[in-house]
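Each of the two complexes below includes chain A, the first together with chain B, the second together with chain C.
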Partner chain A sequence: MKKKIIAGIAAGIMLASSTVGLVGLPNPFTGNLQAAAATKQQLKPFGKYKKTITYTIGKSTPGIPKLPKGSTYEKNAYTKYLKQLLNIQNKDSFEAETGDSYNQKVSMAVASSDLPDIMSVDLNTLRELVANNEIQDLSSVYKSSTTPYIKAMYNSYHGRALKEATFNGKLMAMPSTQNANVPTMLWIRQDWLDKLGLKAPKTVDQLQQVLQAFVQRDPGNNGKGNTIGLALSKSVGGEYGGLFVADSLFSIYNSYPRQWIKQNGKVVYGSTTNQTKQGLAKLASWYQKGLIDPQMAVRDSIESLIISGKAGAFFGPWWSGDYPINSALQKDPKADWKPYIISKTGNGKISAYTQDPDSEFYVVKKGYAHPEILPKIVSALSDRLVRKDKNYKPVVDFVQGGYDGGKPINVLVNFDNATAQMYKNLQATVDGKKDPKTLTLDDTTSYNAIKTYLKDPKNAPVNAKSSYWSRMLGAKLMATTKVKNVDSLYFGQTKSMQLKWSNLQKLEDEAFLQIVTGQKPVSYFKTFVRQWHQQGGTQITKEVSQAVK
Partner chain B sequence: MIRSKSFGSRLSYIIIWLLLLAMTALCFVPMMNMVSISFSNSSAASANQVGLLPVHFNLNSYSLLLEDGQFWRSFLISIERVVIGTSLNLILSVLMAYPLSKTTKQFAARNIYMNILIFTMLFSGGMIPLFLVVKGLGLMNTIWALILPGAVPIFDVILLMNFFKSVPESLEEAAMMDGASKLTILFKIYLPISVPALATIGLFAIVGHWNDYFSGLLYMNNPANYPLQTYIQQLNVDMTKITDPSQLKALASVSDKTLNAAKIVVSILPVLAVYPFLQKYFTTGLIIGSVKG
Partner chain C sequence: MHKNKGRTGQLAYHFMMAPGMIFLVIFSFVPMLGIVMAFENYVPAQGIFGSKWVGLANFQYMLQIPDSWNILRNTVIIALGKIIFGTIVPIIFALLLNEIRLKWAKKTMQTIVYLPNFLSWAVVAAIVINVFDYTGPINNFLTGLGMHPIMFLASNHWFRKIMIGTDVWKNFGYGAIVYLAALTGIDPGLYEASAMDGANRFKQLLHVTLPGILPTIMLISALNLGNILNAGFDQIYALYNPIVYETGDVIDTYVYRVGLLGQQYSFATAIGLLKSVVSFVLLISANKLSIKFANMRIF
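What follows is the complex of A and B.
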């Protein structure tokens, strides 16, 4: 009861303060440059401004500047396009590498209350900014200045995409979406299978036999005892669409490690379920039989196993052809990796958990006079530029030159089924049912590689080969496999999580690793679950159940 | 020293030698590995097949490195930082340590200054207040943001102060009798005899400035202004944490193991070059300063 009252008061305060914000206390710092709010014409997605509008951004960049000579993040093909189309120009308050460096810059900007007009933040920072009333409500400009195509992409997540950015019915940010990238598949050395006269595995037991044959009969001539059956990451499972994690194995047991899921009507943490215990037990038995990399606990470069030709199988997403298999092919052109789906009965039907539909959130500083600029940029870059204006020469040259990081604001919006759709488009084009000219710019690049591969599959250059494997084998499997989606329910941080989550994660990591590598018996799982609940898990589960209600 | 020839002492020599050799190897092997990787074929490097000797020796990564403008820009920024920063550290340390080495009779406010110094050594404001000060002073994006916040290395001041204290008072009195001013005494008497101590704190400062990556990250809003170690820190990427294919392209550009190894090798050369010249002072300087006069 008490909690509800407090929540009510907090909501009231937030509501009141945001209304005050809407009425518009003039901000002394930005007021002088952009005096008048946008006209109706300017609120249209592609409405051009008469005078150049300058906006400041926090720019997250690729590690090393990969721009054409003479270009900068403020002046390149993309900023030129935006200038021509909308008459807007970015000015970078700060530039830093995506990840820790960029996050560091954002937290400094927040701490010193000196936000750029537009920047991307993570979910926790978004909540903090909303609570401190430092960013604008975008509900109305989202309606007026976003194209129907962009809205359709957001809506393809059935409301999940914008939900995280919505507070008390107000849209406070435009998120970058993360489209479906599951199921991850089993990539296996086809040439090894052929050499040993084995069939591709379809079930867990068949996979076990194949791994056993790999390890015992050494088809790769690595020398006795040097062949590794399955390469596995030390986090074992629970990284959505990740490389080297055994999520597709766990899902066979209906286990979804590290996810908040609903089980028998109750919210539970996937790592603590009995199903996860079964998955771990299977992996532990494989480890004991020597089918899994014996050094998995200390291995820091798992890809080196794939590249050097020591490992015979790994779990990976559809794009594994691009990495690490691409590097493996450069080392040994005969390494023939093929993707397969492992299922319970071998009928190819599987389940997989869904991921956080949003990866980052673009926010507009309170007091900035042109909040509509954000949806307009998204509409320009993710709709018009990839469809109507896809032959815009400077950008085409930019992309084909292998350059990267030009977009001032990189809101990635995509349909939830974008990968499957990509495969379907490419397949249709290869079959001659679709005009190559109608492909998007990225797909055109892939299509050219696929064409090169199909001309002479045996002697195709490495990049064409790996592109074909990713898109025509991996993505095909993704598009055609029947997947039962299990919704992962919660991605934020509850109050108790802030204090206790990192400890619980450590406990979980260690328990997983110890059980798989046999340092602790499978029965230790029970102890782990008890400890997990004692050290805050029970309370956090309660809070998460509350939050997802 | 007289060496006893007993079995026990010989054995202990052998053990000590072996231990030292093992420790040398511990330090040397990773460096050698890095050097070998930088000279190797890149697919051998990504397959983890390079040990102590290069596989398929070639100079590709070094010729690529020569064309990398940002690397050399960052390299120059780091050199600039070391030169300006270290000189400033030394000048300020000397100017501070000399008066503080006097007694309260000669310098009444000495203890007040001393307490202020020690207080700041023990308690710092933390990252965010420091950031706000640097920002408020308009130092962001300038080389001074890397130099001024640490311009007075208090540990070095105390080290030098103790060294000055150990200088016999009669030396200063004699100079005074000959009509030398305080400044002349500092520069003509104290400095020449404190070269070991200065070399020690100079080396501390050079290594500290050269290796610091975090302040570059914090105070530079534009990667073009990064010092070398900040630049190198950006190369460290965990490829298994990728969850989205769109990140792949960006990461492929930094995943070149041999090129990164070449960058690291070149980045340690300057410190490696300075070390032999200053090392002989290093131990003596530390010991001398620590004896309180």
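What follows is the complex of A and C.
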């Protein structure tokens, strides 16, 4: 008898320890422990609290930790500013690097129903949180506690920006807006081009020749076989305005991977089109010739290739000068990166898909007594601090020191045409047509850096250089390049996607990477498309067509 | 009087066992309620009792996607490889180490091979990535011999072998300790007797040492059978990439990606449950077999 019991227990242990059951027992401690709601005075955008209000956040931190020495994400120039202005203080429930690690933390928080008071989530998670009634309606606090300037920025998207965060007429989140950020451009080592006596590439074929020359002639003295032509991300393409993805190349073939687009009057998934096959075939041929990072499939940090001076080119957005090129310059001040536009015929005319106007959504946990704190922080950091208080010393020092990641809540709100406008303002100021005093904090900082750069371009300090490259070269290309917009139609999740999308994405990631790295021939694309349709793609395409009608 | 004393004595033991039992109930039994999620469309906020019941829908979908078989195959192959080599290598190592007469050399070596066991896979993975890098020592050696460098971790041919190999490397020191302990339990009189009968060292190994540690080997292999579907999450998660999903994606990594990152809690639980059931059946049959053939109970 006893033996049986022991056997039972032992079996239980085995079963339990090998069960990967994800348990989500309701948490009894999520009640409302906060004090009474805010007064009318405190609901004003800059209304200060008598007692310090503490709020917990999920903090997403920048890729390379760049806080000044002695600062933490809970105690730095920005948190000090918020404390002084509003008497509020953040406490970080978790801190994780932006991207996968942060998303994983959010998934964990959602799965365990243990949310911080304020955090940023993606669209799918937002929908889930709304459906599950876990976050607050922000409609009234948005009205009462947001400044007109912030509202004007949200409104510059003609209602698109807040639409995604609105459910049944209720505003459930404050989104970070994504002002237009295309086209991404080709960033290339100008010093390598010069050394080899090559012209900057304008077409795909010219780019191929340049990459070939980089790899064969090793202008960076990396040693034979160590120079990498093009640095490319594992995801290959389909990240709007993304770093290290080849969207600029795909768009030349009229391919828009991972986007729902209209083709010949029908809604199709961009990854399954013949045009995408052409783009992949080109990349595969480059990979085979050794022009693309041979270790792209297992490369953890592509930045390290740029920083160590091994790679000669990559596709990236206008701000690539600030990251990762800034870090590359710190290692090697001679690394001279310049942005160019690659187009089909070399005339500089390109196409690009449009994006979701919102990149992330800041939500407030249900039951938190001070939901107004979110619009107040946005108003403080994206309005007052960059305009009225733009000379606030600690933050000025922070920004000019090239530091990043200080804002506890980084809701990025901007006008839709912000980047092009920024370039135009800066250019006008440099030309003496605009008073430097009228610039915002960020632009003033950039303007000072640009001035420093223009005095002595060759020996300018790193931050001045990278600032000039991003804002005067990268942003200029954005402002001046002719772009034909292809509308990306759908960003949400349909019913069938819930169960089947992960699997289809896996199929897609696998196929893209295998085709590019030559593990599967280009003809495998057909098999991939067939499998994609069989395993739910057809049904999902139907649902998306319905949804965008 | 006597009887009473016995009972109080037992009570003390029960108290000593209590913390462990409470731990077991809280962390192993209570979470098993989560299995219900496999039959629901689980939504965290609605909780286990509020979510919609969908019956076997999650299991049906699991059988539909071709990935399921692929993942099951990967899991079994990798886990079997780890169990087989993870048993043989430590035994051989323990036997060899046992033959060393210099005590300090024996101890030092034992400690050194035991070291990697303490490192987390995140650390070991970084080492593995560097060793198998395009410009790492192994590929340098290969190119030195005039061969082409191989991208080991992005090769469906090599990935499983590397998973098994590195896992054995990391853990064999620990396994060896168990066998070394078993070796010390063998009566030295047996060795003397066999030497008297003219057995050389090899014959002694064959006829005294191996039979001596056989029960330990049996026990450990049988217990390992329960792990046949545990191919090692941390290791594979730290080392895989989309190219080797084909050969390297195992149940645990799939459940993690789909379940937690893809937020399909129910589907992931269904897969996890199936895994547990298979492990359970295997363990029971291992016990039955071991009773029948070796006359030994695991439990």
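To be clear about the criterion, the second predicted complex is superposed on the first by the 323 of 549 C-alpha atoms of A that agree within 3 Å, B and C clash if a C-alpha of one lies under 4 Å from a C-alpha of the other, contacts with A are read in each partner's own complex, and residues count from 1 in each chain.
The rule is short, and it goes like this: contacts are C-beta pairs under 8 Å (C-beta built on N, C-alpha and C of every residue); 3 or more make two chains touch, one makes a residue touch a chain.
Computed from a predicted model, the values in this text were never measured in an experiment.
Look at A:N264: by the touch rule set out above, it reaches neither chain B nor chain C.
In the superposition on chain A, A:Q104 makes contact with both chain B and chain C.
Residue contacts after overlaying the shared chain place A:V298 against chain C, while chain B stays out of touching range.
When the two structures are aligned on the shared chain, A:S112 is found in touch with chain B and with chain C.
Of the two partner chains, neither chain B nor chain C is touched by A:N391.
In the superposed model, A:Q519 lies in contact with chain C only, and not with chain B.
Shared-chain residue A:D404: touches chain B; no touch with chain C. Of the two partner chains, neither chain B nor chain C is touched by A:N221. Of the two partner chains, chain C is the only one that A:D509 touches; chain B does not reach it. Contacts of chain A with chain B, set against its contacts with chain C after fitting on chain A, overlap at residues 104, 108, 111-112.
Partner chain A is touched in their complex by these residues of chain B: 43-44, 46-49, 70, 128, 131-132, 135, 217-218, 221-224, 234-235, 237, 239-254. Here chain A touches chain C in the complex through residues 3, 6-7, 9-26, 103-104, 107-108, 110-113, 124-125, 128-129, 131-134, 226, 234, 294-295, 297-298, 300, 498-503, 506, 509-510, 512-514, 517, 519, 531, 535, going by the rule given at the top.
For chain A in complex with chain B, the touching residues are 61-66, 92-98, 101, 104-105, 108, 111-112, 114, 178, 181, 233, 239-244, 301-304, 307-309, 317, 319, 322-324, 327, 330-331, 355, 359, 404-405, 412.
Touching chain A in their complex are the following residues of chain C: 24, 27-35, 37-38, 42-48, 61, 65-67, 129, 133-135, 151, 153-154, 156, 226-227, 229-230, 241-243, 245-246, 251-252, 255, 257-265, 267-269, 271-273, 275-276, 279-280, 283-284, 297-299.
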